[in-house]
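Each structure below is given as structure tokens.
Common to both upcoming complexes is subunit A, partnered first by subunit B, then by subunit C.
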Partner chain A sequence: MTAGGILVAALLTMAVILLGLTFAAMVRRTSRDLLASLRNKREARIRPMLLSVVTDDEPDLSFLRTFSKKDLRIVESLIWGLLSKVRGSSKQVLVKWLVESGAIGRVCEQTKSRSRVKRARSVELLGSSGIAETASFVADCLHDSDKEVRSVAARALGKFSEKEAVVHLLSALTGPKAIPRSIISMSLLHVGPQAIEPLMDGLLNRSALVRSVCVDMLGIYGAVKATDRLIGCLQLDPSMKVRVSAAGALGRLGSPKGVEPLVRCITVNAPRKLRVAAVASIGQIGGKQAISWLNSAMLDVDSVVSAAAVEALSKMGDEGCIILTELSTMDLPQSLIANQWLSRREINLSSRKRSSREMAGA
Partner chain B sequence: MTASWIETALTGAHDLVELSIETFEWFIITYFLTLNTIYLVLTILAIVGFTKHIRRISHAGHDDVFANPLTPGVSIVVPAHNEEAGIVDSVRAMLSLKYPKFEVIVVEDGSKDSTFEQLQNHFDLAEIPYAPAENSIPTVGPVQSMHLARSGEPLIVVRKANGGSRADASNAGINVSTMPLVCMVDADSLLDPEALLRVVKPFMDDPKNVVATGGVILPGNGCVVDEGHVVESRIPKGWLARIQFVEYLRSFLLGRTGWSTLKSLLVISGAFGLFRRDIVMAVGGMDTNSVGEDAELVASIHHYMRDRKNRDYRVVFVAEPVCWTESPTDIKVLARQRKRWSRGLAEVLWKHRKMMFNPKYGRIGMFVMPYYLFFELLGPVVELIGFATVTAGVALGLLGGLFDQNWWLIDQKFAVMFGLVAVGYSVVLSVASLTAEEFSFHRLRSWRDFGAAMAAALLENLGYRQLHAYWRLKGLVSWLIQRDSKWGAMPRTGFKKSDKTVAKTTKVTLNVS
Partner chain C sequence: MVNVLVVDDDPDIRELVAFKLTQMGHTVTTENDGEGGLAAAIQEKPDLILLDVMMPKLTGIEVCQRLRDDPKTSGVPVILITAKAQEVDVERGFAAGADDYIVKPFSPRELASRVEAVLGR
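Moving on, here comes the complex of A and B:
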């Protein structure tokens, strides 16, 4: 083939591709608008009917038997969307309909589909439904071959609010199919207060990552009964990450019991991250002992630690401010930081006063 | 006598062009084939990566990112120099972003207009002492004052003397930031309400490895804005801005997605990029001597991660979240911008030349940087030589007729077809990106806008592309002769406000599925 021939072939190919792309884009635009319009019309007709049924004292979906197949598809998708928003008898009726129509069965089957998108969508639907009997399908997907499906499964599992889910979620943190910590943490938060006991058991897990997540979550849950265990983690855990997490969690718990262990475990040789976390937590816990320790910490040789101590003192009311005011008059590097935090505090206080006045006026 | 002199001169020119053609003919053909093969591979990878990403959006879990108490905080750093036209709208929009924990740091960089006064009046600013941390990045223009919003909004305004570069302002903002992630945004940009959620997600999915992410930048000149948010995306009115719209779409949707799929992203736009603060501090912040400081930062991060950390890391492009920016509508301003970009690229490649063809730097060193050198930086040189040679060849052929000489060096038919193939390929790429956009985000709602975009994809190759190559060449030359680079002023007009803003406030948001 000559060079000219190649160029002609290239031109023709490009022309075909160009026409194909333009045609595909135009078809997509037209069909999308049309399908969306048809769907919106159906939904606009069906949605009010469904909503009025679920808000009834004795909801009854038997009228759906008269609906066409197309309408039933819309009904199914609307019901899936409503499940996470309703409770009690309304939810029971919707679940019953989904079971009787075979929708639940179909979605559970789709968790084994070849298509990763279908598996992810079905897991997400099951999670939003919160139907306890389907939790095992979701738990299985924690070990799916696709990373996204595993992540969706982790998010979904927490929404069942079952204590048993915690063990599955924690085990999904490690291994070759590990799920990101942020996803597991959020899912653990969805489980609710019944997660606290299994999280406390998780403090003895072999994996430092698992222990660290358990520590963080106990702090977020405000699990005061875990204070002693968290103090143990702060002082004795072999992993620095876990110790830093424990320092942060003790601050969140706010128990005065935590102040002394936080102060004790912080030596000049301790890593900066741990010292900074401890300083911030001592500030969160508050109290006379805390203030007295922060008073010395704000003169720490490490500027990051001293800055954290100054910030913590600025949030500790009038007593903290008195100390900072004194510091601001000295000729020290921390004086400027103290000045800055005092100004910030003043501005925040005046803006809060202003908002209260405005609300009172309204 | 005069005629024979002219004929002699033209004969000399003929010999020169003949030599040029013989020398460059195979080089240009090889260059053309290599470049278009790379584009083809990137396009295919982009479409595959893009399709996967789009199908996953519905279960990406962005609401969980919003609700998660462990979601990292973001400091949004906004350098602002003479931005009175749109600074209040931009800051308002940023303050209403859907994100659980963030602060907006505007660095007013020695403006000559009323940028600071606008902020002062609208956000009721109060001055607080400026206390630089020990390990702060040095700034050229000193910080003069620091201000907080009395309204309680997470807004900090830093006033500083102009340091001659946007990078200097960015560094001042980074110094003041307190969150683990810093997001660099242009002052004239408007972010989608969920933009931060989307660019932060890769950091949460892979906290150990992800060090930087970037989103899509699109010209928002024609968009309708309500309360600082784009409520209707429209293609800009002028053809210059329309061509840039298509250009940006092609570059981001296909180009950056393709590079990101290959784990070889070298450029994150300074108009919208998110970085780990500790890494930015470790590389010394942004380079104040470079006009391509955004690309330089990413190159520095690659350099640093390979040299010091020597572990896996990722720089990720996220295709959904859009940052709408004001693109130049004046051809002189556009020319300055493109010249600056080309010069910036030259500066980055020269500064990090140690990485070039160095296996220690993996794909970035062995493939990406050479690509940018030979095809992006030197591309206009080849393009213009090719264009000039063909033009000279055709001109000589026509002139030869006047002297009864056969001076045709170019096979006219071949030249025309080759030119058509080159143009056609570029048009195919642009239309492919418009089609991808149509199948995914469907931002151009009206048929008129869609038609205008298609037309712009064709028109781009009739003069604009050649002009663009010329501007890029000027940028390269200005770097070579080390002429002082300046940002130059871009007149801001701000975004078009919705008529509804006057009558009532609506919350019409773009559907992205």
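Moving on, here comes the complex of A and C:
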């Protein structure tokens, strides 16, 4: 065979192989599209039946027993999708079906899968189910080797609304596989009021980060019963970050009990961050005593602290603004700073008026 | 027969709410964003509007404010649909003129009670 002949044969062979591969890809795509289309038709048939039952006053999924295996796979996927959308008797009946069909068991097993995508997906599904018995599988994934799986597990754990979830979440803040504070905090927020007791226990944790998160969350939850413990943190915690968080939390709680300990933070030789946080919180708590202390704080040698006092007074409504306006007209040490506030306020007001006029004109 | 407009960008919630309301004997139309919802409310003048708070283009609260500002729609009752973590939006919703709210994930029974209560006022 000549060289030309070999070349032609080689080119023909390549062409045949390419055609074959193209044909195989087309067949594969077509069959995939066909399967997807069949699945969509099944789903379109099953979905309204499921929604109709789920929204019933007495939902009952026993009719699913007559379904084929293929249809039941679709039902399972639809039910997982609906779990996070409903609560009450509707959710209970969906969860019951998942348990009885073995779907929950299969998903729990998948939390140990070699595929990180399957582990993450299974943890997400268990979180949406909220079944208390599966929380331990999700909690185990807080220590997964993959960072994304750990984050998904942290988010899922918050949906269980269980006290135990708080303990696991707080433990995930520290260690070599620590989960970012922002994710843990968001998840703690989803747990609900049941989180308050374990968060209060967390104030005794060895880690300053854990104590700081607990303090912040107690403030966000408005846990007034934690006031005394938070005052203790403000006064005695060895970590300045925790003390600053405690100052902020006491402001959110708004309990007048917090004023005196906060005032001690601005009268003693405390770091600036703590004095600023204390001043802001005194303003949040409010009251005549607060106004008097903020007035004094305006004389702080640190301009950042005195500015914070002005800010706090200005946020106390009409009373605070009246005091600042009056101070600006007097000949007192605080008058200068009150004047500066008044000037800034007037500039802001006139620029807002100008913007409104421009928008009205437009 | 009561005409209800449901505005939510989540297709599952839209469908679930629509199903429940249809079971209750109401006629339901749906929209998937705030702008579409506002336009539909002005055009169709429904007897009740269910509005999700967090939506693209216009939020539920913005839609509610505009409905209250327009004399043609100011009297239409509005129920806000808000996620559990956004309960702080409820105050803003009432300030904007909403009549009631339901929290997601929602209970179909609770939805029915709220709808009946608002329509009965």
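Criterion: the second predicted complex is superposed on the first by the 265 of 362 C-alpha atoms of A that agree within 3 Å, B and C clash if a C-alpha of one lies under 4 Å from a C-alpha of the other, contacts with A are read in each partner's own complex, and residues count from 1 in each chain.
Heads up, the rule we're going with is that contacts are C-beta pairs under 8 Å (C-beta built on N, C-alpha and C of every residue); 3 or more make two chains touch, one makes a residue touch a chain.
Note that the structure is a prediction, hence the values are computed from the model and not measured.
Engineer: Is the number of subunit A residues in contact higher for subunit B or for subunit C?
Structural biologist: The partner with more contacted residues on subunit A is B.
Engineer: Thinking of the overlay built on chain A, is A:189 touched by subunit B (first), by subunit C (second), by both, or by neither?
Structural biologist: The answer is both, since A:189 touches subunit B and subunit C.
Engineer: Should A:82 be classified as contacting the first partner (subunit B), the second (subunit C), both, or neither?
Structural biologist: second
Engineer: Under the stated touch criterion, which partner chain does A:16 make contact with: subunit B (first), subunit C (second), both, or neither?
Structural biologist: After superposing on A, A:16 lies clear of both subunit B and subunit C.
Engineer: Is A:90 contacted by the first partner subunit B, the second partner subunit C, both or neither?
Structural biologist: A:90: touches subunit C, not subunit B.
Engineer: Contacts for A:330 in the overlay, against subunit B (first) and subunit C (second): which applies, first, second, both or neither?
Structural biologist: It touches nothing on subunit B or subunit C.
Engineer: Regarding the shared-chain residue A:35, is it in contact with subunit B (first), subunit C (second), both, or neither?
Structural biologist: After superposing on A, A:35 lies clear of both subunit B and subunit C.
Engineer: Just checking: does A:204 make contact with subunit B only, subunit C only, both, or neither of them? Give me first, second, both or neither.
Structural biologist: A:204: touches no partner chain.
Engineer: For A:167, is the partner it touches subunit B (first), subunit C (second), both, or none of the two (neither)?
Structural biologist: In the superposed model, A:167 contacts neither subunit B nor subunit C.
Engineer: For A:132 in the superposed arrangement: first (subunit B), second (subunit C), both or neither?
Structural biologist: A:132 contacts neither subunit B nor subunit C.
Engineer: Can you list the residues of subunit A that touch subunit B in one structure and subunit C in the other?
Structural biologist: Shared contact residues on subunit A: 189.
Engineer: List the residues on subunit A that touch subunit B in their complex, please.
Structural biologist: Residue list for subunit A touching subunit B: 3-4, 7-8, 10-11, 14-15, 17-18, 21-22, 24-25, 28-29, 32, 117, 120-121, 124, 148, 151-152, 155, 180-183, 185-186, 189, 216, 220, 303-304, 307, 333, 336-337, 339-340, 343-344, 347-348, 350-352, 354-355.
Engineer: Tell me, which parts of subunit C touch subunit A in their complex?
Structural biologist: Residues 10, 12-13, 15-16, 19-20, 23, 84-85, 104-110, 112 of subunit C touch subunit A in their complex.
Engineer: In their shared complex, at which residues does subunit A touch subunit C?
Structural biologist: 47-48, 51-52, 54-57, 81-82, 84-91, 189-190
Engineer: Please name which positions on subunit B make contact with subunit A in the complex.
Structural biologist: 55-56, 58-59, 61, 64-65, 67-71, 126-131, 133-134, 146, 148, 150-152, 204-207, 413-414, 417-418, 420-421, 424-425, 427-428, 431-432, 434-435, 438-439, 442, 447, 450, 454
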